[in-house]
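My questions will all concern the structure given below.
Letters A, B, C, D, E, F, G and H mark the chains as written, and numbering starts fresh at 1 in each.
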Amino acid sequence: LRNGNSEVIYCPGKSLDQITAIFQVLAEKSQNVIATRASRKAYIKIKERIPEAEYFETARIIALWRDKVQTEGIVGVVSAGTADMRVAEEASVTAELMGSRVQRIYDVGVAGIHRLLSNKQLLDSCRVLIVVAGMEGALASVVGGLVSKPIVAVPTDIGYGANFKGVAPLLSMLNSCASGIGVVNINNGFGAGILAHRINLIGEMHENTLS
Amino acid sequence: LRNGNSEVIYCPGKSLDQITAIFQVLAEKSQNVIATRASRKAYIKIKERIPEAEYFETARIIALWRDKVQTEGIVGVVSAGTADMRVAEEASVTAELMGSRVQRIYDVGVAGIHRLLSNKQLLDSCRVLIVVAGMEGALASVVGGLVSKPIVAVPTDIGYGANFKGVAPLLSMLNSCASGIGVVNINNGFGAGILAHRINLIGEMHENTLS
Amino acid sequence: LRNGNSEVIYCPGKSLDQITAIFQVLAEKSQNVIATRASRKAYIKIKERIPEAEYFETARIIALWRDKVQTEGIVGVVSAGTADMRVAEEASVTAELMGSRVQRIYDVGVAGIHRLLSNKQLLDSCRVLIVVAGMEGALASVVGGLVSKPIVAVPTDIGYGANFKGVAPLLSMLNSCASGIGVVNINNGFGAGILAHRINLIGEMHENTLS
Amino acid sequence: LRNGNSEVIYCPGKSLDQITAIFQVLAEKSQNVIATRASRKAYIKIKERIPEAEYFETARIIALWRDKVQTEGIVGVVSAGTADMRVAEEASVTAELMGSRVQRIYDVGVAGIHRLLSNKQLLDSCRVLIVVAGMEGALASVVGGLVSKPIVAVPTDIGYGANFKGVAPLLSMLNSCASGIGVVNINNGFGAGILAHRINLIGEMHENTLS
Amino acid sequence: LRNGNSEVIYCPGKSLDQITAIFQVLAEKSQNVIATRASRKAYIKIKERIPEAEYFETARIIALWRDKVQTEGIVGVVSAGTADMRVAEEASVTAELMGSRVQRIYDVGVAGIHRLLSNKQLLDSCRVLIVVAGMEGALASVVGGLVSKPIVAVPTDIGYGANFKGVAPLLSMLNSCASGIGVVNINNGFGAGILAHRINLIGEMHENTLS
Amino acid sequence: LRNGNSEVIYCPGKSLDQITAIFQVLAEKSQNVIATRASRKAYIKIKERIPEAEYFETARIIALWRDKVQTEGIVGVVSAGTADMRVAEEASVTAELMGSRVQRIYDVGVAGIHRLLSNKQLLDSCRVLIVVAGMEGALASVVGGLVSKPIVAVPTDIGYGANFKGVAPLLSMLNSCASGIGVVNINNGFGAGILAHRINLIGEMHENTLS
Amino acid sequence: LRNGNSEVIYCPGKSLDQITAIFQVLAEKSQNVIATRASRKAYIKIKERIPEAEYFETARIIALWRDKVQTEGIVGVVSAGTADMRVAEEASVTAELMGSRVQRIYDVGVAGIHRLLSNKQLLDSCRVLIVVAGMEGALASVVGGLVSKPIVAVPTDIGYGANFKGVAPLLSMLNSCASGIGVVNINNGFGAGILAHRINLIGEMHENTLS
Amino acid sequence: LRNGNSEVIYCPGKSLDQITAIFQVLAEKSQNVIATRASRKAYIKIKERIPEAEYFETARIIALWRDKVQTEGIVGVVSAGTADMRVAEEASVTAELMGSRVQRIYDVGVAGIHRLLSNKQLLDSCRVLIVVAGMEGALASVVGGLVSKPIVAVPTDIGYGANFKGVAPLLSMLNSCASGIGVVNINNGFGAGILAHRINLIGEMHENTLS
């Protein structure tokens, strides 16, 4: 992030050796290091050299987290189906590693809308919401109609045919009839986690200790 | 429709004179005639020659309807915003002229989802539902999650920017996480009315008198 | 489907273990369970634990079907080429498992139009038609011109180059010059089967036993 | 055409004065001159100076035709709806002015397929066929399935919504399940007329007098 | 917004009479009313009946604002060129009417990057930033690289050719190499204003009086 | 082709067993059989049962050709680069198997335009030309500017990035400034061969023996 | 350009008053001022206040040019058809106003390739070439095959249907089989003029006096 | 390049044997030979026969370079992230092999803009700049705002989701608010190297020895 004291590695397109080497270098000059879209193999290799490194399987994140803090405010992460879980976890774990308290509200897609409605109170207890959805991405609009919090919407590439690898929910979220929704790139759980954390920080007393 | 005893004229790209002439010819050989996407001007011209012709302003339909029938079963027409009304009315009036009883359930967009939920009983009383929505078209998914009737979804071109003149709700509806949704072309209220009417007819005793 | 007494699993993106586990859970709480886009491997694994499970090879569907019923009315499934068979079978088997009587009318593409025309009577005997076609998808329009039944059109991704993995027949079907056609997502035989079954149900006397 | 003794002016984007001036220049150095996409206004202006000039209203073509010939072989021009007539006429008139005998077979769209089938003999009497269709462009495939002549397909921009101004029939025609179809640009009746004429010429005895 | 005590009218596609009527109705049941994308003509008509109504020319917003408040925290609105001003003002005025203190930082496009860099301190004084840019939308990335605040990016349709009416900056912003950017629809200054205001509110002591 | 005495199998998506079985069936009821996009493996398997079957390696065509004829007229097949050879050979071999005399004029791309110009006489000796080109597809326009024969243009998917798998040359060919060009689908050498052969046949005396 | 002593105004979307006002301000602080895409009306208004201002009709450029210089080296501007002239002139006049000697080589499209070939010597006399073409944009590849100078390619929006307002030649130019071609936005004659001038300057002795 | 004394082979789609054979043939008739997008395996095979051949790993280029020269002027190659390195090296090595002196300025993406700004002097020392960037491609605009040299921009396919394999930075670069940028195809480092070298040559005294 270059502005804080955490450093992030995006793994795709890098060899195991490259990932490990970059991780080690960053681990020396920075308190916290995260690697996203990381395989378990990469984790095993890094762990050999940096034993405190942790692996978040579903989120596919490797983290070295020496400087832990936690916000008062809550980032809610809402997701539609089980297939969206990897992206939802990437968002949740990223926000947590950054220092945000996270409330997961998963598997509340609009095909069974009552499950979502019965979570209204939980939604209201959050300072900011991340909504993760593939297929047609309607969840973002429905959540946006229920609460007036800032919403970060993440389209996923779950779907086929005229889904066009996430384009359908991306367009859906950009055109939402509910206001107050900012959209990030398809599958970009990481970016959503960062943005939601930054929004969450605004409500903290001792903002500096976290930024 | 060429298979029944009604004839349909699609007005765009035809001059007032052409529309009037075709209407007259069809009025001689067929009991019922409809002209869609028709202006009031076209109506006035036709009325001079065929005084029984009626005009449905919002639906932009001119109709000569000499052979009236009405089904037992109900076609429900659900729409999101006031801007979708023209397309919703094209669907409603088309289905009515074909002989279906129609229940309008308008302005129940997902941004204010409780209005939709409070209409659950009305939705359940219909045999088939037409859902008309622009913007991100999430309404189709939400209705599809509430009922297990056949649904005909009509995307409209209401929106701007990344809406791409109705492409966003079109993709949304094609990718709906709810099952049982058949989609027609953007703004094609007429086609939705025909299809819903044909579905509705299946439940009637004396199908032949209507087809 | 969450509204009936059948549960459905969409297999892509799930491991064999996950599919088996979910299948077992659903088999306990629901009479009927279907898994779509399922491999033979997944079937073998499920069969070890649930011996009544059946496999429909071409349709790629695993089914546990304890609550069998059958409609009076017929869902016709019309398909263009042999390459479209997998999607056509997904539609046919889905409708059958839901309880619909199904009439298959396969390999009647428009390149040899007389084969289709000679099936006119069979088409007329159906309550609702599913039309499955790839390439340019012209079959939907031709069938739509021959009968005035409700039609559910399914574009497939059969083709290459400017076919764009099913976009060509999708657009073709959405723009059909024949009325009364509702379109589902590319390759979505399952969705077409559900929708056609729901339409078919409307004509049954004892609708409740099936819904 | 720069290779024969006819010259062609494409009018859009040119002022009346420019069109008239170019027409006059070409009329001096060439036997035959055509202006396509021409308004009646342009015609009136040209006629003042070149009285033999003719105007083909629907085709929107102005022609000076001093060197008339006619082929034995016939170019058939098949079209779907009345809205496609302008493009069909552009093709027919172009082929006629080039010297081809033309057989018009209009308004035989697939929504009423029996009209097309009853023209089978006429189709068979042609050496080459031009098929003009908008909406979903299915006509090209159906004609291609009926005859084994060379076919030139012209998509038109008739339609709306997911038609994308002719892209739907363009893709349809490029992906036709029938073989032997060459496609020209959307609305390019002129190009189709030229190509069909060149194909027709191959069958003439005294090719040179026409080329 | 349906959740707060302000009501919003989106004017395009509504007649002057409709806008005026809706405005009056809302003015009776709500403290504050805004109409976006409103012409001066609409304003004059509304002012006749509701003299307190104000007009924001560049923002094209008509407002009735009886319940005024102002946040401590600042929403910074950064824009690239003069052509983006209308959208930037829609964002600024919306945020102001909602109750946010707004700092405008206009005409700081990346073609003259030193103007932007010399505003670093001003950027740092804001709680949240809105970045408005057309053409290639690079401004969002550059601002995102300078500060670690939440950023709401608004692509505009300023440009031509391969800009595709705002698609180029939209894609640019979604793919930004800087983290912490949420994107709204092309030209959606209103949505950006709402979202930024909601983020800003999180830092206020007496949140309730404003929400 | 269903209209002649040859039958064609399109191999992709069919198993070796399926291809072999279909080939055998067709070999019994038809004089000639072709399988396109066929692997050498498929050929070896077919040859075991039908020893007269031949394999055209580059064209990827397996053929059983018992009814050989040859036209007087020549189909010229012009191609741009070596990478386009597979498609060019599919076209050439298809036309040859249908009975056309074929003249190959390969590797005459516009980057070295003099090679093409020096083949002008050869081009003029053909009755119809097939032009095969990937990248930007400019070759079709240049050939179209040199001769006034009917041209069948085949875009190939050779290229990368903004080539979009053949879309760039497809659009190029559809928009050619030269007239008289009919375009087939991307990589569709087979379709081009059929169309060119049908055009070529028009000039033969004893057309019937070949059709 | 902010780096030199010329200032440029892009007129679309600005009122006559705005254009005039900006022009005057820039005329006071800079030696040279250009306004592109300017109407004659705007010129007349500016001329009233700044009599030295000149208007280039076809290029649609208003210029105040007090600091005139001229390079030794030549920028060649090659264009395909008369319809591309406005963009070609925008490029030529821009380069000239910047100080480059310009050689116009217009109306040498590939449909009549000999006109282009006969200009080979002229092409060779230039230091850098701008190639302006619409339709399928093949001209850039042909010129690129003839010379090994740096080429700046400008696609224009001349064409219709599958031309997609200049997308066809844009893709064509980006995929050219000839090397050494840099592409600018559709219709961006101005940008091409600037880039070619900057390339031309590299060959001048006294570069500083011009930059 | 066909105009100089170097020959180039594009490897994708060719077998190792084909690449080796072509390389050998060209090595006999030309001083210099390059193969791009080449694997180490291909290099090993070629080296067996032509021991002077060199391999540039990151650039994936095999070169036989017997005729070495070097320009006075410098081609600067600026790149955004480590993932863009392969394309940047393809550009750098190509320009070097052609004879240009190259200055690499890598890893100066806009997310950390101060690294770029601190290289201002180095940028100014170059005659022409190549800018290589993926993601949103903003780097081209920022560099274009800092210097007034000719810029060759190369979009890369680094990114995911709405990046569309390089389309996002391609559009970004074509729409840059900075002037003087010519764009090549996605990942086309080779083409950028050729173009920049040709521009660079213009400033050399003894141009002929290099062209």
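What we mean here is this: contacts are C-beta pairs under 8 Å (C-beta built on N, C-alpha and C of every residue); 3 or more make two chains touch, one makes a residue touch a chain.
For clarity, every value in this text was computed on a predicted model and none was experimentally measured.
S.K.: To get from chain D to chain G along touching chains, fewest steps?
M.R.: Minimal hop count between chain D and chain G: 1.
S.K.: Where the contacts of chain C and chain G overlap, which chains show up?
M.R.: Per touch definition, common to chain C and chain G: D, F.
S.K.: Where does the D-G interface recur among E-G, D-F or C-D, taking recurrence as more than half of the contact pairs being identical by residue number?
M.R.: Residue-number overlap above half with D-G among E-G, D-F or C-D: E-G.
S.K.: Same or different interface residues for chain D and chain F, judged by whether over half of the residue numbers are used by both?
M.R.: On the two sides of the chain F and chain D interface, the residue numbers are mostly the same, over half being shared.
S.K.: Find the chain most remote from chain C, comparing centres computed as mean CA coordinates.
M.R.: That would be chain G.
S.K.: If you average the CA atoms of chain B and of chain G, how far apart do the two points sit, in angstrom?
M.R.: Between these chains, centre-to-centre, one finds 52 Å.
S.K.: Go ahead and note the Å separation of the Cα centroids belonging to chain B and chain H.
M.R.: Spacing between the chain centres: roughly 57 Å.
S.K.: Quick check: how many Å separate the C-alpha centres of chain A and chain B?
M.R.: Chain centres of chain A and chain B, defined by C-alpha means, are spaced 42 Å apart.
S.K.: If a residue has to touch 2 or more other chains to count, which residues of chain G qualify?
M.R.: 2, 111-112, 145, 161-163, 167, 170, 174-175, 185
S.K.: Would you please name all pairs of chains that touch?
M.R.: Here the touching chain pairs work out to A-B, A-C, A-E, A-H, B-C, B-D, B-E, C-D, C-F, D-F, D-G, E-G, E-H, F-G, F-H, G-H.
S.K.: Residue numbers of chain A touching chain E in their complex, please.
M.R.: Contact set of chain A toward chain E: 1-4, 8, 73, 127-128, 145, 147-152, 170, 174-175, 179-185, 190-191, 194-195, 198-200, 202-203, 211.
S.K.: Can you list the residues on chain E that touch chain B in the complex?
M.R.: 2, 12-13, 155, 157, 165-167, 170, 185-188
S.K.: Residue numbers of chain C touching chain F in their complex, please.
M.R.: Answer in residue numbers: 83, 111-112, 158, 160-163.
S.K.: Residue numbers of chain B touching chain A in their complex, please.
M.R.: 80-81, 109-113, 117, 135-138, 141-142, 144-146, 159, 161-164, 167-169, 171-178
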